[in-house]
Structure formats: structure tokens, C-alpha cells
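Below you'll find a set of structures to go through.
What follows is a pair of complexes built around subunit A, which joins subunit B in one and subunit C in the other.
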Partner chain A sequence: MTNSSDIAKEEDRRTKRITLALLTPGTLWMLLFLIVPMLMMVYVSFWTQTTFTIVPTLTLKSWITFFSSDTYFGALLTTGRIWLTVLFLTIIIGYPVALFIGLFIKNKTIQTVVLVLCVIPFWTSFLIRVLAWRPMLGKEGAVNIVLEKIGLITHPIEMLLFTEFSVVIGMTQIYVVFMVGPIAFMLARIDQSLIEAARDLGANTWRIFRTIILPLSMPGVVVGAIFVSVMVLGEFATSGALSGRKVNLLGNIIVTQVGSLKWAFAAVVGVILTAVMAVVVAGLLRIVDLRKEL
Partner chain B sequence: MGNNPALRWALMAFTGLFIAYLYGPFVVLTIISFQAGPEGGPQFPIIEWSVYWYKHIFGLTPPSRIAPLPIGEAMVRSLTLAFATMVTSTVLGTLTAQAFRRRFKGSGFVFYLVVLGMIVPGVLVGLGIALVANNLGIPRAWWGTSFVAHVVYTFPFAFLVMLAIFNRFDKSVEEAAWSLGVSPMTTFRRITFPLIFPGVLSAMLFAFTLSYDEFPRTLFAAGADLTLPLAIYGTFSVEIHPNIFAFGVLTTLFSFGILTVYGVLMGMTVRRAKKMAIQEDIA
Partner chain C sequence: MTAVLELNGISKAYGEDVALDALSLSLGQNEYMALLGPSGSGKSTLLRVIAGFEKPETGEVLLNGKPITNMPAHERGIGFVSQGFALFPHMTVFDNVAFGLRFREVNAVTNASEVERRVGDMLELVGLAELGDRAIGEISGGQKQRVALARTLVADPKVILLDEPLGALDANLRARMRGELRRIRKKLGISFMHVTGNEQEALAMGDRVAVLDTGRLAQISDPDTLFNRPASSRVARFLNCYNIFAGNERAAISGADSEATRDGEYCIRFDKIHVAPVSDVTDVGKASVIATYITSEYSGPSIMYFFKGADEKVLEVEYHLSHRKPEEFVAGAKYSLQWAVGDELIFDGSE
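Our next item is the complex of A and B:
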């Protein structure tokens, strides 16, 4: 009796050792190269900035500079505005597409083909994809040429490029697929007989959408919103390339500050960006309980 | 819902417009890449169709005021980095996912810790790693600081893919092999590995493509020697020429190539699995 329980205990210890051994490399990697750097960023944000270097004398100076400057505080507001606009557009554009892919295409093969079709643009380098919007939206760009050809406008529209508009259009195109994917995935899981039963009971299309399809697809919307939010909030390349330096997001501030060796100030902006993201993600996770739904 | 014809056509038209929106820039980019050179700029109208800018990339044009893209060495670095990232994150992902096949205390913590790597914006990871490196006096380099930053990003993808694979994995096959006295090494080689191979392949593909095109993490963590996305970024601030679009077309074709290899390997495993299933049926 004692013997067998000893063996069981020994076995248990062995399993625990193996699990620990398997977990150590990955956990250590993340702690050392993700958590430590993030903590370092928080710490450095309180350091003293001299002209070319930073010294570890704690001060609130960089924080005060951020909140007392219109330029930097304005960047926070711009980031919020662009984020909300792009998030809204990706939902408005992405949802109907996901609805079509997930619910209206019954054939699984065609479904996959259309989804792959949405992913193919990602095989072009991210930066080149962003740059491609310039000949698209410019004064002599493709959009203006097409609009003039079909007679909608007589003079090219100049405000298409190097404005907030072009940044929003570019970001929406780059990130909308991250909204389509999760929603289509959730919609494809809906049991068709549920919808048929509702119809048999006399529900119209709108009612079916509102009471069955929308609630069941919400986890997809939330996952998509998290993807889009974290990517847009951390952006700087699209706004840099398509706004002609007119739109400054928090990410752009970080890049310029690091460029001029203002590490402490860059760290302040980094901490603020992290806080904004944490609030956004936590808020989105409150809408649905993902662990329960997936 | 799926039977409403008016709605169906409306959504189909909308999806068509959506695809056009996704592909618009790429179509324009391809057209402009055939612009005449060296006088033609990255805009309409096309002065004359030519492959000048493709030749320009490979240094086959007579020297002009437009410098060739500084991509040769950068590309070798990026491919090396992507390869190392791919191997490391696939190994880490497989090990960690293997641990998750048993329940253990703190699994929630480890799960969120790993997934955090794909959520935190790259610019922050890059900044944090640069700060740590500066402070410890470690020089920043693409093979050092950039490499660890890349793995922080790709390891979560590999982990999630492998987790999904292990969830569908029938453990009794492994146990049967062990109880028949097959050594753990042979069991892994003959049983476990063939079963998880499609997952490993997907994890590798994810890691490679994400690392190869990774930009925000690399920006602060690369040091003096540039990777490919950094080299492209360098041309942003200066004037843009159609050669960058020609290069975009070429890299897209390259990605097609990699995905074809992936597709062929995947197809081979599926076929082999089917063949084995048939043999088992006969037996």
C-alpha cells in the first residue's frame, strides 16, 4: 500500500519536473526580453534627461513636459481619434464582408478561397504596401484619374494625400482583414438549423440578425477589435508615410524622440501608450468573456 | 438569413468592392513598377512601359543619379534572422505547448505572459530592449537585440498553433507505443512527430514571414547594420522612385514561392497520412 503510493508520488514529482523543464525556456525568454524591458521603460521614464544622455536621478520632469505641451498631449488626442475612426471603419466595412463569407457562402472550399484572397495582399512587404497609397491618392493618382474619367470631378482633389484622411484610408486597408477573419470564423460556427428554426417561427431577417447572428458573432468582433486596436495604437509608419509628417501619433513621437536621443521622454510616451492600450484591451474584454466563448 | 436574395446580392457586391479596395494599391504599385526610367517618377501617367526599374534593382542599368536600393546585404541579414527566429520560436512554442498538455499551477500566468508578446506594440518592445541594452552596455545588433525581440513576437504564434495541434492530438496512440515497449525517442520520431508535423510547419511559416517583414521591433533594436524593412524605411525619407515598387512586386512573388513550398509539404503529409490510413484499413 505505502509502496504504491510512494511510486505514485515519485511519478508525480517526475511529471512536475518535466513540466517545469518544458516551461522554463519560454517563460524565461518572455520575462527577460519582454517584461524586464517594459519595466525598464517605466523606470527610465523617471530618469533625468541631459542633452545627449540620461542619468538615473529620479525626476518627474519628462512627465510634466508631456502633459504641459500642446504638441505632445495633442498626439495623445490624435492617436485616440485615429484609433476610434479606424476601429469604426474596420467594423463597418469588415462585418458585412465577414457576414457574406461566413454565412452566405455555404461551400467550404469557396469560403477558404475568398479568405485566402483577403490574405494575399499581406505577402507584399508592409512598408511597400503603405507607400503604394501615394500613387493611389496623390494629385495625379489613380483615384483622381478614375474620378475624372467617369466625370464625377473636373479638378483633381488635392486633399486625398498627406492628410488625416489618407492615414485613415491606409490603416483601414491594412488592418481590416484582422476584423474580417475572427468575425467570419464565429459566423461560420453558427448552427444553420438555429436560423431556420427562427424563420419557421416567423422571424424576419432583421430580427434573426439582431437576436441570433449579432450576439453569436460578438466574440469575433471583440477579438478583431483587440487586434485592430493594438496595431493602430502602436502605429507610426503609416502615419509617417501618408501624412507628410502632419499627423503625429504617440508612436511617431517615440520615434522622433529616440532619433534625437531623448530616451527618457520616449519612455514617458511609451508608458502612456502602454496605459492607453491596457485600458482599451481591458475595456474590450469586459464586453464578452472570451475564455467562455472560445 | 442566407436565403434572402436581395441581401445576398448586396453583400456580394460589397465584398467585391472590398476586394478591389484591398488590391487597389497593389495593382497601382505593379503598374508603376513598369514606369520608364530613370526619368519616370512613382506616379501616373506612365511615360513608357519598361522593365528599367527591375534591371535597376539588380544593378543592370547604366549608373544614374538614382542610387540602387541598398538591399543586397540587408536581404541576407533578414533571411538569416528570419531563419533563426523561425527555429527558436518553433522550438520554444512546441516545448511550452507540450507542457500545457498537463494541468499545472500557474498555467494562466504562463499563458498570458506568452500571449502578451504578440499584443504589446512592436515600437514599445523595441524601445524597452534598446533601453536595457544601452544600460547594460550591450551593443545593439540585428543578430542580438533584434533577434530576441523577434522571438518575443513570433513565439506566441508558434505556441498557439502548437496548442491547437496538441488539443486535437489523441494521446492514446503515444501511450500504446510506450506500453508496447517502444522507446520514447522512437515513439517521438515515428508517432508524435508525424502527427504534429503540419502544426510545426504552420508555426515555422508564421514565424518566418512575421520576422522577415518585421519593422517596428527592429527599428530601435537593430544597431548599425540594417535588415531589409529598415533598408526600405531608409528610402522613405529621401525621394521615392519606382524601383521600390518593382522590389515590392518581386518580394510578393518570393512570398508566393515560400507559400507554394509550404503548400506542397503540407499536401505531402496529408497524402501520406491518407495512405497510412488506407493501409491500416486493409490490415
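Our next item is the complex of A and C:
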């Protein structure tokens, strides 16, 4: 009796030890490189900043500066606006592409090949992909030349480059593939017999799309939206290269502030950016229960 | 019997593979037809042609005398229950059943209380009245089968096509669903066409059983006739209860009756054979063949004995233990397998 309960206890202790051993590295890693830095960022955002030094005396000065300055608070609004525009465009452009790949291409091999084709632009560097838009959209760029040649315009359109428009174009082109992938994946998983059944029950194509295909692909849309949101919200390179420094996103402000050693202020913007992302991701996750769907 | 559904000379090929070869068939009013065939016999293709998911190359499909060959699936008034049930996973049981009523292009039911009533009635009929609010992921395989059936039945189809409806269920549930399917059909009085690869299911379910072989109709008859008098040795093979071997040149059949020992392909049911010692003289009115005993297999109500015939083919003998006693045979020894003249089927020429 004692012997068997001893064995059971020993077994129990062993399981606990294994659980602990498996959990420790991950927990330590997250603690050291995620939780601590984030708490540090919040802490630093209350430090006192002078021109060249920063001292750990707590103050609200950096926070007040952020919310009372049109430039900085405006950057928050611009970031929100560009994020929503790019998110909308990536869904509008990405969904039909995903629909074609995931549902209309029946052959799995061809599906994979087409998805890989979508990724080929990513084999060149990020900077080249962004900068390539300059000769396209510039005053003497490809788009203007073509439009002039076919006689649609007499003077080149100047608003194409170094505006919010060019930033949106650039970001949409870069990030749309992150929308296509997850949606195509979800669509490809839809059993063809469901669509046949719906058709047999008398539904037309639009009804089948609305009631069967769209809801079943929503997890893909949400995952794509999370990818795109997180990347667009933290963006600074595209806006830097395509707006001529006229469009400032939160990311751009962090870069300039860190560049001029204004750590406290950069921390304020960092905290706000992190909070916005957290709200956005949490909001998106509320749309569908991903754990149930995937 | 007036025919609800008629098929005239339906042919369909996928490239080189002929799935249906000038097939004609008619389904009567209020009839339960089982369509039996091995995989690749074209039975699923036939169902898809009738449902309207595939177009035949030649031939026509008539429903109540009107041609529907080129009519889209949803206008035909034919219900199709597919193999995997094809339930909408993101909807409740109720919404699945209501789908056709609410969302069909023609004649949709917009009155919510009518939808509620008709879906409620149908769930009641299939015995799922309590489960309307459940998600599809929360119900069992047998319940899914009923939901799929209810979803098709709620639209009042004239004919129901079932593609291996019991294939995904375990043996216990399958037996229960057979009874359930028959009960539902009787109550509604519509025609069912049930495709299956399982001969017992076909015999148990069908008012008539149609046997499909390489895209052609090999036999169509009531279960009893099919079981006792298969039209060819190939049909006998599908029934999985006949010993099929070539006599009399390769396997010598002995017996007094010359007509019962002639050349041809012999089909003898497993349970019609009696095992006797080789020394035993074959009685008048009996025929026999010599075979070597291999082994036996006990399965509860019956026992199977396996023998090897002169042509190296395995011969099976089934003893139903309710009226026969199990016997001990010596492995490797020769025995005389005997049957009463008249129990054998002899087909000319072998394939």
C-alpha cells in the first residue's frame, strides 16, 4: 500500500518537474525580453528629459507635450487614418485574389505555385520595393507619362508622389500579400461538397458566397488583418521614403526622437503605439474565435 | 408502378475512363432502390448525373416524364445527401435545416414562423427536436446524418439521392439508421435512391436492388431474387457469399446428374455446402468437388471453413451454428464439398 502510494507520489513529482523544466525557458525569455522592456518603456516615459541628459525624476512633461502638440497628436490621427485605409484596401484587393487562388484553382499544386508567385516580389529588398514607386509615381514618372501620352491629362499630376496617397499605395502593395495568404488558406479548406449542397438546396451564387463562403473565410480575414495592422501601425520606412517627410506616423516620430536622444519622449510614443496595437488586435480577435476555427 | 425518375441511355466518360455506359434505369413512385456496385462501378457518377452536378455525354434524365438533363441542380426538385453529409459547420442544426427554405432562389419562405414550423416538424421526424440550437461540431455522426437528411427533406423533394449514407457511421449505428431511413421514407412516401458498396446494406434497404458493373446495369431485381439467383457470376461475386470457380475441366465435379455437372462457371453459396470425407460416395441428387482444408474462423452465430480447390482458389463454407454442429477438420487433408443439385448456379463461359 505505502509502496504504491509512494510510487504515485514520485510519479507526481516527476510530472511537476518536467512541466517546470519545459515552462522555464519560455517564461524567462518572455520576462527578460518582453515584459521587463515594456515596463521599462512605461517607466522611462515618466523620466525628466533635458537637452542632452535624462534623469529618473518622475514627471508628466513628455506626456503633456505629446497630447498638446498638433504635430505629435496629429501623427496619431494620421497613423490611424493610414492604417484604416490600407487595411480596407488590402481586404478589397486581397479577398478576390484569395478567392481565385483558394476556391477557383482546384489543383493543390497550382494553388501553391500561384501563392509562391505572390511572394516573389519579396525576394527583393524592402527598400527597393518602396523606392521603385518613385519613378512610377513621380512628376515625370511612368504613370504621368502614360496618362499624358494617351491624352487624358495635359499637365502631370503632382499629388501622386510625396503625399499620403503614395504612402497608401506603397503600403498596400507591400502588405496585400499578408492578407491574401491567410484568406486563401481558409478558402482552400472549405469542402467543395458544402458549396454543392448549398446549390442543391437552391441558393444562388451570391447567397452561397454571403452565407457559406464569407463566414467560413472570416478567420482568414481576421488573421490577415492582424498581420497587416501590426505591420502598418509600426511602419516608418514607407512613409519616410514615399512622403518626402511630409507624412509623419508614430513610427517616424520614434525614429527621430531616438535619433536626437530624446528617450523619454520616444518612450511615450512607444507606449501609445503599443496600446493602440493591443486594442486593435484584441478588437480583431473578438470578431471570430480563432481557437475554435483553426 | 409509375416511374418518377427515368434514365435513358446515360453515358459519361472521364477521358479514357468510362464511368457510365448507355445506362437505363427507372425509379418507381414511392420506391426504395439500392444501387450496389464496387468502387469504380460508376455509381457515384450516376448519382451526380441525376442530381445535376455532372452532365452526361449522351442520354436523358426524365423526372415525372419531363426531361431535366440540362436543368441546373437546384431546379430539379431532387434532394442529394452527400457522403460526408456536407453540413455547414458555422451554423446550428436548425439553421442548417432551414437553409434551403430561407435561401433558395426560387420560392423562398420569408415567413419566419413558417420556417420555424417546417424545420421543427422535420427535426421531429428525424428525432432531433431537442437539438436545434446545437452547433454542428457538438453532435454525433448519426445525428449529423439525420440533420443532412432533414435539410434535404424539408424542401419536399420528389426524389432523394443518398450517396453511401451509412458509410461514415460505425456498425452499430449503421444498423439503427437503416431502420430509421426506411421509417422516414414510408412516412413521407417519396422515392429514395441509395448508393452503397455494401451488399448487406443493399439487400436490407432496397425494395429493388440495382447492381452496377463498370458503368452498366448488371442486374435489377428484388433482394431475394438477387441473393438467390444472381444473373451472372460477376453479380454473384459482388454479393460476397458465393464460391465461384470453373468446373468441370479444371475442378472435377462429380455426381450422378449430368446437367448438374456440366462445364461452366459454378457459383455456390457458402452456406449451401456440406463437408464430407473424400471416401463418401456422392449421393444421387448431389454434386461435389474435392478441396484441401486450410483453416476455420469462428464468428458467433456461424463458423467459416476455408478450403483450397483444385485451381488454387479459396472456397468458403459457412455453417450456421443454429442448425449445424461445428466440425473438426484436419489441415492439409482433402475433403469432398457437397451440395444439393439445384443449389448451384452454372454460367456458361468464364471471364
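Structural remarks
Simple rule for what comes next: the second predicted complex is superposed on the first by the 274 of 294 C-alpha atoms of A that agree within 3 Å, B and C clash if a C-alpha of one lies under 4 Å from a C-alpha of the other, contacts with A are read in each partner's own complex, and residues count from 1 in each chain.
As a working rule, a residue touches a chain if its C-beta (ideal position, glycine included) is under 8 Å from a C-beta of that chain, and two chains touch if they have at least 3 such contacts.
Values in this document were obtained by computation on a predicted structure and should not be read as measured data.
Once the two complexes are overlaid through subunit A, subunit B and subunit C fit side by side, free of any clash as defined at the top of the document. Greater residue coverage of subunit A by touch, when subunit B is weighed against subunit C, goes to B.
Legend: residue contacts after superposition of the two complexes on their common chain; A:Leu216 is shown touching subunit C, with no touch to subunit B. Of the two partner chains, subunit C is the only one that A:Leu201 touches; subunit B does not reach it. Of the two partner chains placed by the overlay, neither subunit B nor subunit C lies in contact with A:Gly151.
When the two structures are aligned on the shared chain, A:Asp191 is found in touch with subunit C, with no touch to subunit B. Overlay on chain A (Cα): least separation between subunit B and subunit C is 10 Å. Residues 199 of subunit A lie in contact with subunit B in one complex and with subunit C in the other. The part of subunit C that touches subunit A in the complex is made up of residues 51-53, 72-75, 78-80, 82-84, 86-90, 99-100, 103-106, 108, 151-152, 155. Against subunit A, in their complex, subunit B makes its touches with residues 1-4, 7-8, 11-12, 14-15, 18-19, 21-26, 28-29, 32, 42-45, 91-93, 95-96, 98-99, 102, 104, 110, 113-114, 116-117, 119-125, 127-132, 134-135, 148-149, 151-152, 155, 159, 213, 215-216, 219-220, 228-229, 232-233, 236, 240, 244-245, 247-248, 251-252, 255-256, 259.
Of all residues in subunit A, those touching subunit B in their complex are 15-16, 19, 22-23, 25-27, 29-38, 40-41, 44, 93, 96-97, 99-101, 103-104, 106, 114, 117-118, 121, 123-129, 131-136, 138, 140-142, 145, 173, 176-177, 192, 195, 199, 205, 208-209, 213, 226, 230-231, 233-234, 236-237, 240-241, 251, 254-255, 258, 263, 266-267, 270, 273-274, 277, 281.
Those residues of subunit A lying in contact with subunit C across their complex are 191, 193-194, 196-204, 207, 211-212, 215-216.
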